[in-house]
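Pasting the structures in now, so scroll down.
In what comes next, subunit A is part of two complexes: it sits with subunit B in the first one and with subunit C in the second one.
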Partner chain A sequence: MTDLSLQNPELAASLEPTVHPAGDSPQHRAVQARGFQQTSRPRRSALLRGRGLVGLVLVGLVVLIGVLAPLLASYAPQAQIADANLLGASWQHPFGTDEVDRDVLSRVVYGIRTDALIVFLVVPLGAVIGGVVGLVASQFTAADVVAQRVFDVLLAFPALILAIGLTAVTGPGLLPIGCVVVAVELPLFGRLVRSATLKARELPFVEVSELMGAPRWWVLWRHILPNITEPIVVQLALSMSGAVFIESAMNFIGIGVRPPAPSLGSVLSGSIANLRYNPMYAVGPLLVIAALVLGFQLVAQALSADRRG
Partner chain B sequence: MAVLEIDQLTIDFETFGARQRVVEGLSLTLHKGEVLALVGESGSGKSVSARAVVGLLPETAEVGGRVRLDGTELLGLPEDQLRRVRGSRIAMVFQEPSTALNPVETVGWQIAEAVRAHTKVSRAQARTRVVELLSMVGIPDPDVRRRHFPHQLSGGQKQRVVIAMALANDPDVLIADEPTTALDVTVQAEILALLRSLSERTGAAVLLITHNMGVVADLADRVAVMRAGSLVEQGPVEEVFAAPTSRYTRDLLASVPRLDADSRQPEESADAGEAPVFVTRDLAVEYPGRSGAAAFRALRQVSLAIAPGEVLGVVGESGSGKSTLGRVALGLLRPVEGSAELFGVPLAGVRRRELRGLRRRVGVVYQDPAASLDPLRTVGESIAEPLVLHAGGTGAERAAQVRDLLDSVALPQSFADRLPRHLSGGQRQRVALARSLALHPELLIADEPTSALDVSVQAVIIELLRELQERRGFACLFISHDLAVVNEVADRVAVLREGRLVEAGPVGRVLRTPSDDYTRRLLDSIPVPDPVVQRNRRAASIEPRSA
Partner chain C sequence: MTRYLLRRVPSLALVLVAASLLIFAVLRLIPGDPATTLAGPDASPATVAAIRHELGLDQSVPAQYVHWIWSVVTFHLGHSYLIGGSISSLVSSGVANTALLAATALAAAVVIAAVVGPLWASTSNRWLDSLLTGANTLAVALPTFVTGVLLILVFGVLWPVLPTGGTPPAGLLADPGITAQYLFMPALCLALPIAAVLSRYLAESLRTELRQPYVTTALAAGVARRRIVVRHALRNALPTTVTVLGLQVGTLLGGAVLVEYIFSWPGLGQLIQQAITRRDYPVVQVLLLLSVVVFVLIQLLTDVLHAWLDPRIRLEGGTK
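Let's look at the complex of A and B:
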């Protein structure tokens, strides 16, 4: 026992690895050799391989098409083309034309922009609001009771009923779509953040920090939030795929963007009555919606599998 | 006669496309009726090797070499044939009895399941066998007990049930992977006695996997020492313990804390005049009962004091209230009766702000260093946290202090930029220790600070703690289940049992000449890492027990 004395710090530092088998076991060496980036940023690597990469490419491709719409579309989304009523697919109009003589491909390409706005602006907004509510709920009992009941009410409403009710008040447009998406995301993120925070608060390192006299906001900001980002990011990807769906569904039943502004859902909605004349009218927007939903789902799956593995 | 022969076993794991060899050329022979202990520290490959024998490794593992049971090759056997071997010819007992049992079925049902998995018997026959097995593993009233659910049994009884399940089909080989690690020391002694008598009675060969040298000395006939995937040494237990040939085995044995080692001489300077840093008088603490259940009284009538610069060891088995005492000292739990004073301030009605000031003067180290460090913050950030919160100063000053603290726990200064997961368990515990000392606390509360560590690392950490304590002179509430560790660290010791203070006094007196029966029983239960002593002790204790 005494021969393991630590009078000399260098001796001490050299002692542990020699007696501690993990210090020079093959696993240990391999972990060190593989270095930091492999293990320290699992989120990034999960998106750069397998289904995560496929998802990322799908989403990226669709978004890129939306961003480059003015370059890619041969026609303006509202432009009416002479003598082009409900044409089938052709080289000139790959998705054909619609009942008011517009190029479907151009409308789809511009329509992506509406969806991108919802997905990348409104969903994160819902996540932030929901997250803050969840965080507050996890800290104060009174707030918790109120927030939980609000979440219950929001969850009790099917999204479309909520959408129809809201549109009856505000009229159709982007605003009600945004509100519905936020209302749908709010309880999801609220509950997620609340339960993750409560769980993280029990972790020993959080308790140690509290025992050192750290104020509540410090513990939340420095220790809890960074440690619960992973489930939030997974939920974000899932919610984004859900938002594409909500947008399409609302436009499909005619309570979305005001015509003639294009969106994926509104193009799809117009196609139904004319399926007999131009089937590509429906297939075009569906392809894009499917690619987006699938892409986000794959990203979410890859992230959550990575978290578990 | 050799029952199980392991020849040149190699195991590789494939992760992220990289292959890692975790076991290299392991050769062992297990004879009928003998107990072979496979010892080693974490990562030595001992559990992996045992799992390879019964084909329980994940698909990412690649196993090479030979494993023969009575001459039949087991490696590469198809899964349905392996399943016939598992549970009937080779049975396993794992560490944690509470997770090894299904909580929603009675123990009788589970043992019957083990019986009927391999032999066709009627329900009545199975029931008879269950009762027989339960009485064999020493469970009283087996006919009543078989109808009990796991939660109605104690930890030791649960482990007995697990052993009964393993014995259901009269196995030739019993693999026991850390069978007593999750148990209290007095229960451990009973389970070890049971395993020994069973192996003698049934003639089954036992492959015992453990990190505890005392358990090896108690149970094993032969011992094999593993390190980093290879066999370092093997031989009869008396020879290996008396004259280990490899340096590693020698170090390992030297690291085991011993009760007969010289304990610290209480410092004469701790004169009675100084006000104690922490004192309790007839302290009682309760955990509120849930949904109408009665409150649980975790401590009752506990009176003790820690003088400045004194190390008080608090020992006891699980449920004794030793951790609760630490939580009282931290102000996390309030007394319901009696009083607790920290630095002279009564904790019963202390205000939040005042408590914050008191906690500043207290450091804390927990059991699991992996959990008590934020995985996303660097070592330097973790150590600096108390400084940022309390001491102020510039970033450069703090960085200098962090370097000093790393020095004082004998870690290189470059570690400040590393993340906890790049550190070994012992290194992480040093970081936790450095952080707890950052504000020069007057009292350090250490709750099982070495229980999650390997024995050789534990020895180094204990030594470090002692040295820091002597240099800095803080008082310490050292909570542990391990009396030998307390013997090496503490000046005085308090023994708790079921919330009551059983005995307290200078370490030398309490651990050499205990005045209380329970303390004596606790001391007698600890297996000594010396096979000869252990055999004599067993012989002495069997007489009165059977009488």
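Let's look at the complex of A and C:
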């Protein structure tokens, strides 16, 4: 659950770094001149065909719905409607109403916004923090020892158990969800960046530029960073899928955003006891969560398939 | 093997100690006095003092940690003030129910993977391959709570043939047929993602093995294809698959929290969810430690099994 790359051997393989000289190095131009494509171009097109396109469309559609929430929802997400207890689907309420007389469609549409916040803001934040820790660990032995032990301990907790432990202290809310997502991403990106950097440092042109007296930060920025971005991008897509899972799961078991605020997970868990009266209650959150999780996975698969050529 | 264990055990022990310290420290950070919270608003000072003594809160912090670890080791976990009953009996009944659910799910996952994996690896039918790839991607990607609610919607509401939650009224051991009905949906829900991951890895490593020269030799010698897959390739494909299985077993506990919540299955997952919503910290603390211990032990077991199946690791000493 924590490390989604373990679910798929192809993805796991694609998180290994590959070798590309820095963008304008002579080797690189020579390679291009011989008709090999630059790696950044096929990556862009990998998202515009096949699995990648399907994934991108799924995610894009959900995000669009979230952005357009005020236009699509006929009711406020918290509004209680008179005489509308657990109504079935109708034109007025396409997904019916819930046990406290609220329009389910409106709650789902606004609930997307919480997910989007976590996915597009918190996951990159976790990636940056983890990446910086990994980069520092790859440069200094002492930091490496400490970072590795911290990663070990963080990875000893299954994601949801970590979530439960943290909310025991902070109480439910959006902030704890963000903290859990960062705590889960930190060791993943930390290890990835660390091992990728160590491998990239052994490449001949990196060793040469170090021998020529290039400053350490320049080597990192100029030669190592371009070589480790691809596995990071794949991991980012995987982590976004994972974050949707964590966010929905926490809301599902009632340790997410506080009750009147809408979220996909809480709508889904509210539906279980009431499916007999309104079977459409669960359909909205089911579709949206499935589209998001699947969409990000497909993007990750497309990017990694593209990397392996 | 002894040397291998000597190398692995200390680092895992270190992780366990660090994790237990973390759990202990984090739950100490909660604002307010735990004894007062646990005793409730109307408790007399004497009750609060008694609870404080029972929890060991009147001791120094290092003594409290030792006291807590000792109570966990001896399994005298004290009394749950908010859920009710002794924590030891709550935990042991939870462990029994979760173990039944997890074991069923695991068995189902292994059986599904054992059928799907070899089939997927050896098929030359394009349609079957795409079908399996698609189903696999879905099963891996969909979270347990999505498949769970979907199962309830289909088999509990639209075509009501299975109970939507709980345990058999007469008890789990009364009638295996009825118990199976109650177990079917939660176990399937828990098993699906594991089965999907397992069969994918199994198929992948079988395909690699089937390209090896020894397979060509065996084919040339006239050994039946089925026999090659089952007797030779499968044996070599197992180490990777076992490691993956171990990693997946580790995720079972997190999955159990969700599945038990959906299907009201009275196991550890439901207990920890209850403890957290009622803020019963002594129970939360024990369950967190338990889950980390189980997770780390499973990792060790996986590594040992992997080393046993693959002599190269056992003898030369790779890290994983």
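Please note the rule applied: the second predicted complex is superposed on the first by the 269 of 309 C-alpha atoms of A that agree within 3 Å, B and C clash if a C-alpha of one lies under 4 Å from a C-alpha of the other, contacts with A are read in each partner's own complex, and residues count from 1 in each chain.
The criterion applied here is as follows: contacts are C-beta pairs under 8 Å (C-beta built on N, C-alpha and C of every residue); 3 or more make two chains touch, one makes a residue touch a chain.
Since the model is a prediction, treat every value here as computed from it, not as a measurement.
Q: Applying the document's definition of touch, where does A:A290 land relative to subunit B and subunit C: first, second, both, or neither?
A: A:A290: touches subunit C, not subunit B.
Q: Of the two partner chains, subunit B (first) and subunit C (second), which one does A:W218 touch, if any: first, second, both, or neither?
A: So A:W218 only meets subunit B here.
Q: Tell me the contact category for A:A79 with respect to subunit B and subunit C: first, second, both or neither.
A: After superposition on chain A, A:A79 lies in contact with neither partner.
Q: Considering only the touch criterion stated at the top, classify A:V208 as touching first (subunit B), second (subunit C), both, or neither.
A: A:V208 sits against subunit B, while subunit C stays out of touch.
Q: If you stack the two complexes on chain A, which partner ends up touching A:N227: first (subunit B), second (subunit C), both, or neither?
A: First partner only, subunit B.
Q: Per the contact definition in the header, classify A:V132: touching subunit B only (first), subunit C only (second), both, or neither.
A: Neither partner.
Q: Enumerate the residues of subunit A that count as touching subunit B in its complex and touching subunit C in the other.
A: Correct list for subunit A: 1, 3, 6-7, 9.
Q: Considering only the defined contacts, which subunit A positions touch subunit C in the complex?
A: Where subunit A meets subunit C, its residues are 1-3, 6-10, 149, 152-153, 156-161, 164-169, 241, 245, 248-249, 252-255, 265, 268-269, 271-272, 275-276, 279, 282, 286, 289-290, 293-294, 297-298, 301.
Q: Help me check something: in the complex, which residues belonging to subunit B touch subunit A?
A: Counting only subunit B, the residues touching subunit A are 13, 16, 18, 20-22, 40-44, 227-229, 248, 251-252, 254-255, 257-258, 261, 330, 332, 356, 359-360, 362, 364, 366, 368, 371-377, 382, 385-386, 389-390, 407, 410-412, 419, 421-422, 424-427, 432, 435, 439, 454, 456-457, 459-460, 463-464, 467, 488.
Q: Hey, which residues of subunit C end up touching subunit A in the complex?
A: 11, 14-16, 18-19, 22-23, 26-27, 29-30, 137-138, 140-143, 145-146, 149-150, 152-153, 156-158, 164, 193, 196-197, 200-201, 204-205, 244, 247, 250-251, 253-255, 257-258, 261-262, 272-273, 276-277, 279, 281, 284, 288, 291-292, 295-296
Q: For the complex, give me every residue of subunit A touching subunit B.
A: Residue list for subunit A touching subunit B: 1, 3-7, 9, 12-13, 15-28, 30-32, 34, 36, 38-40, 203-205, 208-209, 211-214, 218, 222-223, 226-227.
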